[in-house]
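Down below are the structures I want you to see.
Next come two complexes built around chain A: one with chain B, the other with chain C.
Right, the complex of A and B next:
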């Protein structure tokens, strides 16, 4: 049964990673109502900021993680201030936002390639990571961190959204931006804060993905997929649904290959997405 | 601003842009006019080059580019090709079919080169082999090893052996020299990986061994844990792991994280020192097959002068010899691609750095090949 334990562990680790990525994505979607294609590459900038701070500047790990996440937050806010906020003021259709975000995605990815090269870098040298044995499954120290941080980020986000004034404002915005405006909410400022927090979560996710595997400029697309698929399955903009779907996605992807060859891993995941889009397009927790 | 003013302004801008583009296009043409006229035979002979200069396999491609630059400067120092200097246009194929195919189309249709030296990755070469064959341009790959390239066309050559030989050599070595009977295969889903997977599986089974797992992964995948988990559950004696630097870096680390606990045996894609510095202890004891190239001390010294490293990577000797062979052929028959093709089938090149003797069989494959096994000790690959 060793393989069963390992598959459960792999699924939970993947689910935790997807949870972090999907939370930030969902938060931004909830406030802005468009699919932000630049989300993945904003996450990648966090990984690169960490890489730069530890390798070139020589800062220790923890401050670098915090600075890396903050950097992603700033990049996210900049995309909002420079691109999305002006578009909002012009009241353009959501599809224009999506295309603009695709432009930001390509531009930021190109900048990463120019500054850091297109190579794949590992953030942690091998042999420095401890491996723990849990009921026959191997789980590394980094993976424990990923699971811990996923739990902490989701917990914190739920508390903030449920019990603070800012949370109420964000939830009101998610329901209806126009009504929010009428009630006197400074929507532009609130969306800016949401971009900062969501992008910071993305950056944290980018750093953790980098710890677990490595970083390269094109990683943004995979991160976007890993963030967007669970949010669509969970009901886009719905945080709890996103978390449930992140784990469902992780389990289906990892257990699917128990039965069929592992080269079909991605096909299984997208098969699940297609099924949901056909039979339950509003998602697990979505409102009709 | 009213609308007619806008239209006028728009027209002015368009005229300015068009004029600017014209001026830009005109300037270099007039400047280069004389050298491009067919007067005399001093105009450069331009050939194309395709290899990954960024992305997967970039370390191999960059090293290959240095070897090509070295060979070209030597050819030109020695008087060029019939008095004409050799010039190379370097294109980045990114180890990706689509990118390499675009690069080849540009080289064939825009630059009108008679010969392309490349690609490096099998997927690159396969992506443009048909187009080159149709346009009647010679392709000489210094490193693509997928078996399918054997039948890719009359104009398609390589001075690097097919994986039919490498995979069979690897299977035999694992079975006879290492005495392993149960092998698991993990391979990259590219022309290269799929080719080696097939050959190794067949040869190992023919020898009497068992393939207990056979798992592929996407070239862009950076999480091989699911594949490796299945491999671990199949209880192999050894893992035959075919990949390029990036996928192998994460794969070897994740295998160590999962406590796989068996030897890893790879192929020539592991001939990149960055892989072994990146994986650290997770790479210790790993073995891989590599083409055994004579590599003269002179060549090694010249490469070191340019790269600052002792290591000459897998694809560089074949690229260096490839340029020398092409120069030899073009000196004899000129730059007509069909004449170059016909002459390549007859060529015999002695004293190269990639093999003692280079000659092509009727499929444009090297007539002979020899391999060696390297093992990683203290982060460095040495001949076992």
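Right, the complex of A and C next:
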């Protein structure tokens, strides 16, 4: 029974991280309509910025989290301004965007390796970690942080998209970019802002993943998949569906490694993705 | 001299990979980021058959090509329903799962440690153990692959494949069973990639799962991007450039641990620049 409670707790914590990752991914996808392969490594830059600020500069946790997320936001906007915005103006096929984003992914990962080395780092200072007992499962202080941040970010994003003018513009853009243009929306600028917000959320996710598993330059690809799997399962572009799928994914993954073995964790995630792509590509809540 | 032979052999192997991927990507217009997994499949089948049951290289390579060909056909059949971004994500997942199998099926593949002691080919008393003769053998195979790829693309079969790329619906209306064509081209491309894998394993005598990661698949895609989509000659040029590029960087004198990442950085930037300024590649006929 204790194992069961622990598995549920782990699944919820994983689901919270995936929620953040998938929200940023979905937001950018909705506005740009292509799978941004650089999304994961942009998230990783947030983790590295946090690492640099806490270890080398010596800033406290919370300012470093905010600065790390902002840094990812800036990196994301740079990829948009330097690569994707010029491509949009040329009106090329989505595949060209995708291959360019692969290039950005490879280049940014290489930069992380050059500046920080290819080795693995833990993000949290070692020492005593406060652990709370919840119905037989132990949940660390950091894991509470992860869940709190996930709830706050999703709530904030929901309010912004629902009740602000900017939110309306973004939603119009995800529905139909051409119509948006006709209504006089500056789509290029809006997409730039969406890139900033989405990448900031990604950076936050990168920091949280780093809390859990540490950071490494190669983490980007896996983060991308952890973001893409719930997005597709929930119906790409559907934020609420993505959140539900993020928790579903967390449960399948954690219970999966209990039944099989932890080294197959990645294969479980990818297997689930493949199954959904083949049998239900529109997702559980997606529009056809 | 040995150095030039070494580069020449590597060029031959990567040119086979580039040409085979180009049959698939240039032919169908879908981005496939799992060629390294198929390459690895060929390498692993050869390595296992040669080290465990002492099979002749040519027979082992042929069996590897058959197995990879079948896997390629199955993958094409399973992924046939997907298009665009989903197809690409599924291919990344596929690559990841295959590498997971290489890593985790330790009793067979020796896990992350890989397989060593793979010998060079010999046939009817003629040995290809020397670097000169191995180079000649690689070029013989490259020649065969090149000629068959050209024959395929210029045959009526190839014209149907190109028509599928341009407009699958239209060609289906004419009564062509497009799925069958996609499965066949995929099987052919996979068999060719497995041949490259067999040559690679025998040439460097040691393989491990890290040789066949997603990053390697992106590198192979880079050959196609630089050379040009749907241009078989372009893939020769692309392979030549991408095999020589690290050597140029080596002479630029970066320290050893940085130079591998520098290489990656340059590859990434090359991909981005080609998408921005020359999406059809150096001598490609088809704009992605």
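Definition applied: the second predicted complex is superposed on the first by the 274 of 288 C-alpha atoms of A that agree within 3 Å, B and C clash if a C-alpha of one lies under 4 Å from a C-alpha of the other, contacts with A are read in each partner's own complex, and residues count from 1 in each chain.
The definition used in the following text is that a contact is a pair of C-beta atoms (placed from the backbone, for glycine too) under 8 Å apart; a residue touches a chain by one contact, two chains touch by 3 or more.
Bear in mind that the values here come from a model prediction, so they are computed numbers and not experimental data.
Asker: Sharing chain A, do chain B and chain C clash or fit in the superposition?
Answerer: clash
Asker: Would you sort A:227 into first (chain B), second (chain C), both or neither based on which partner it touches?
Answerer: Neither partner.
Asker: Is A:113 in contact with chain B, with chain C, with both, or with neither (first, second, both, neither)?
Answerer: Both partners, chain B and chain C.
Asker: Identify the partner contact of A:123: answer first if only chain B is touched, second if only chain C is, both if each is, neither if none is.
Answerer: neither
Asker: Using the superposition on chain A described above, determine whether A:243 touches chain B (first), chain C (second), both, or neither.
Answerer: The answer is neither, since A:243 touches no partner chain.
Asker: Determine, under the contact definition given at the top, whether A:191 touches first (chain B), second (chain C), both, or neither.
Answerer: neither
Asker: Given the touch rule stated above, what does A:266 touch, chain B (first), chain C (second), both, or neither?
Answerer: Once the two structures are laid over each other on A, A:266 reaches both partners.
Asker: Once chain A of both complexes is superposed, is A:207 in touch with chain B (first), chain C (second), both, or neither?
Answerer: After superposing on A, A:207 lies clear of both chain B and chain C.
Asker: Report for A:96: first if it touches chain B alone, second if chain C alone, otherwise both or neither.
Answerer: second
Asker: What stretch of chain C clashes with chain B when the complexes are fitted on chain A: 166-174, 184-192, 202-210 or 256-264?
Answerer: For chain C, the listed stretch overlapping chain B after superposition is 202-210.
Asker: What part of chain A is shared between its chain B contacts and its chain C contacts?
Answerer: 113, 118, 261, 263, 266
Asker: Contact residues on chain B for chain A in the complex?
Answerer: Residues 54-56, 58, 94, 189, 214-218, 220-223, 225-227, 229-230, 232-233, 245-246, 249-250, 252-253, 256-259, 278-283 of chain B touch chain A in their complex.
Asker: Any idea which chain A residues touch chain B in the complex?
Answerer: It comes out as residues 2-3, 6-7, 10, 14, 113, 117-120, 122, 125-127, 129, 131, 133, 138, 140, 212-214, 216, 218-219, 222, 253-254, 257-258, 261-263, 265-266.
Asker: Quick check: in the complex, which residue numbers of chain A touch chain C?
Answerer: Of all residues in chain A, those touching chain C are 34-35, 83, 86-87, 92-100, 102-111, 113-114, 118, 221, 225, 228, 232, 261, 263-264, 266-267, 270-271, 273-274, 277-278, 281.
Asker: Of all residues in chain C, which touch chain A in the complex?
Answerer: So the residues of chain C touching chain A come out as 29, 31, 33, 78-79, 81-82, 84-86, 88-90, 92-94, 96-97, 100-101, 103-104, 214-215, 218, 221, 225, 258, 261-265, 267-272, 275-276, 279, 287-288.
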